[in-house]
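Labels for the chains are A, B and C, by order of writing; each one numbers its residues from 1.
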Amino acid sequence: MFRVVGGLTLVALAAGLVMAFGVAPREVTQGNVQRIMYLHVPSVWVAYLAFAVVLVASIVYLARRLDGADRLAHASAEVGVLFTGLTIATGSIWGKPTWGTWWTWDARLTSVSILFVMYLGYLLLRGMIEDPDQGARYAAVLGIVAAFNIPLVHFSVYWWRTLHQPPSLMKPGPGTMPGVIVAALMVNFVAFSLLYIYFVAMRVRLLRREAEAAA
Amino acid sequence: MVWKDLLVERRSKETLNALFFFALLLLFVFQFAVGPDRERLAGTLPGLLWLGFILTGLLGLGRTFVVERENDCWEALRLTPGDKSAIYVGKLAGNLLLMLVVEAILVALFGIFFNLDLAGVVPALVVVIGLGTVAFAAVGTLFAAMTSQVRARELLFPVLLLPVQAPVLLATVKATEAVLLGEPLGSVAHWLKLLGAADVIFVTVGVLTFDFVLEG
Amino acid sequence: MPDNWGFVLLAYGLAAVVLIVYWRRLVRRERALEAESQPAARRT
């Protein structure tokens, strides 16, 4: 089963690369640097997906005390942090040639950084509590608080950055993008989503085996 | 609940003195760090004020449940019959009161030492500080309970609390900035609404999840 | 607009390294656990 998902993921990733480099055209204003977006945007999508899963799994755990839900939350948070870090890194690398600086407190990078630190704290909390039951409960509570904070982060950072400031190169998002670019993005969305599922599934299985070994 | 109130009051009095002292020290630090440049000081004042609130808040709130843990009262809290969220609300109210008192003192000190004209803006300031502090105390009380047992609690508490407070901090500093410039509250209505939403969200989540925190 | 392929390579290279390292970490820990449980299974 895992091999199938893994294989599919590889194929999708390969397709994504082909789309990003072979099919998608050289972007008019930014040049080939824009191709980093095929990494950056799907990464951010996966991160949000991951944290949404953490929220749902956390609620389910508190409501039903299913160990599987706890493991899912843990795994999803870990993979989420991974992709959040990637989002920040790729965003920064894209920013250097585009804005001339490695770092800028624009809306996206700032929000994603806050997310990164929040869920890193989640992983830290899990690491620091010895009692597995207590760790699961506390992590679930934190997972819920963090998730509800996400919209607050979004609005606050967006208002902070765009009020009294021209929204020039602010959001490199969809809008009036040519169809080919959208298609390339979509393929990479799918590839990254599959990668997320694969990683989370592996991580959950590892967690379950670790729990069984400890028992 | 009465016993708990007494406990809160006793702790508050001894904590209040220490926090007052800490706030005073912060003022000195701010003065040395930013004071000499008058213009820069004026620009950073709202940020410094909230920095002061947060640093003192971290110290004060971090200890919310330490007394219970040290005196083995945690079990007593756990076994209290009835809705455990009442404990959360009680602690929250206590923390809120503590923070508001410290903040009032800090604002007064800021006004004195940095020569601010606070005459007309006090009501608006009260609104902004009130809204921001509720959010801080709500999450802080919850996280204080969660970290009270961890060995590195002084480290984990701020690490967990600060990222969550980032949007609230943004909102309060922006709103305070406007208020100190004499602008009407209406001009920062969106920030106030965000703070209001944060308050509702955090208190609700705190009330709903405190039971689970108290179990262990 | 210069093409900045260096940055593109850096981004994709970094992503590849991070993802592969994570994947290998998972696989390695999985194999270690399996190796631990095997001797016990064989004994019973």
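Following the convention adopted for this analysis, a residue touches a chain if its C-beta (ideal position, glycine included) is under 8 Å from a C-beta of that chain, and two chains touch if they have at least 3 such contacts.
Predicted model, so just to flag it, every value in this text is computed and none were measured.
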Open item on the list: Using C-alpha centres only, name the chain that sits farthest from chain B.
Closed with: C
Task: Chain whose averaged C-alpha position falls nearest the assembly-wide average - done: A
Open item on the list: Quick check: how many Å separate the C-alpha centres of chain B and chain C?
Closed with: 42
TODO: Averaged over CA atoms, how far is the centre of chain A from the centre of chain C? Could you give it in whole Å?
DONE: 18
- [ ] Determine the centre-to-centre distance between chain A and chain B, using the mean Cα coordinates as centres, and give it in whole Å.
- [x] 31
Open item on the list: Applying the document's contact rule, which stretches of chain C touch chain A when the two form their complex?
Closed with: 1-5, 7-8, 10-12, 14-15, 18-19, 22-23, 26-27, 29-30, 33-34, 36-37
Task: Complex contacts: residues of chain A adjacent to chain C - done: 26, 29-33, 35-36, 39-40, 43, 82, 85-86, 89-90, 93-94, 96-97, 195, 199, 202-203, 205-206, 209-210, 213
Open item on the list: If we count contacts the way the header does, which residues on chain B are in touch with chain A in the complex?
Closed with: 139, 142-143, 146, 149-152, 156, 159-160, 162-164, 166-168, 170-171, 174, 190-191, 194, 197-198, 201-202, 205, 209, 212-213, 215-216
Task: Complex contact set, residues of chain A against chain B - done: 62, 114, 117-118, 121, 124-125, 128-129, 131, 133-134, 137-138, 140-142, 144-146, 148-149, 152-153, 155-157, 159-160
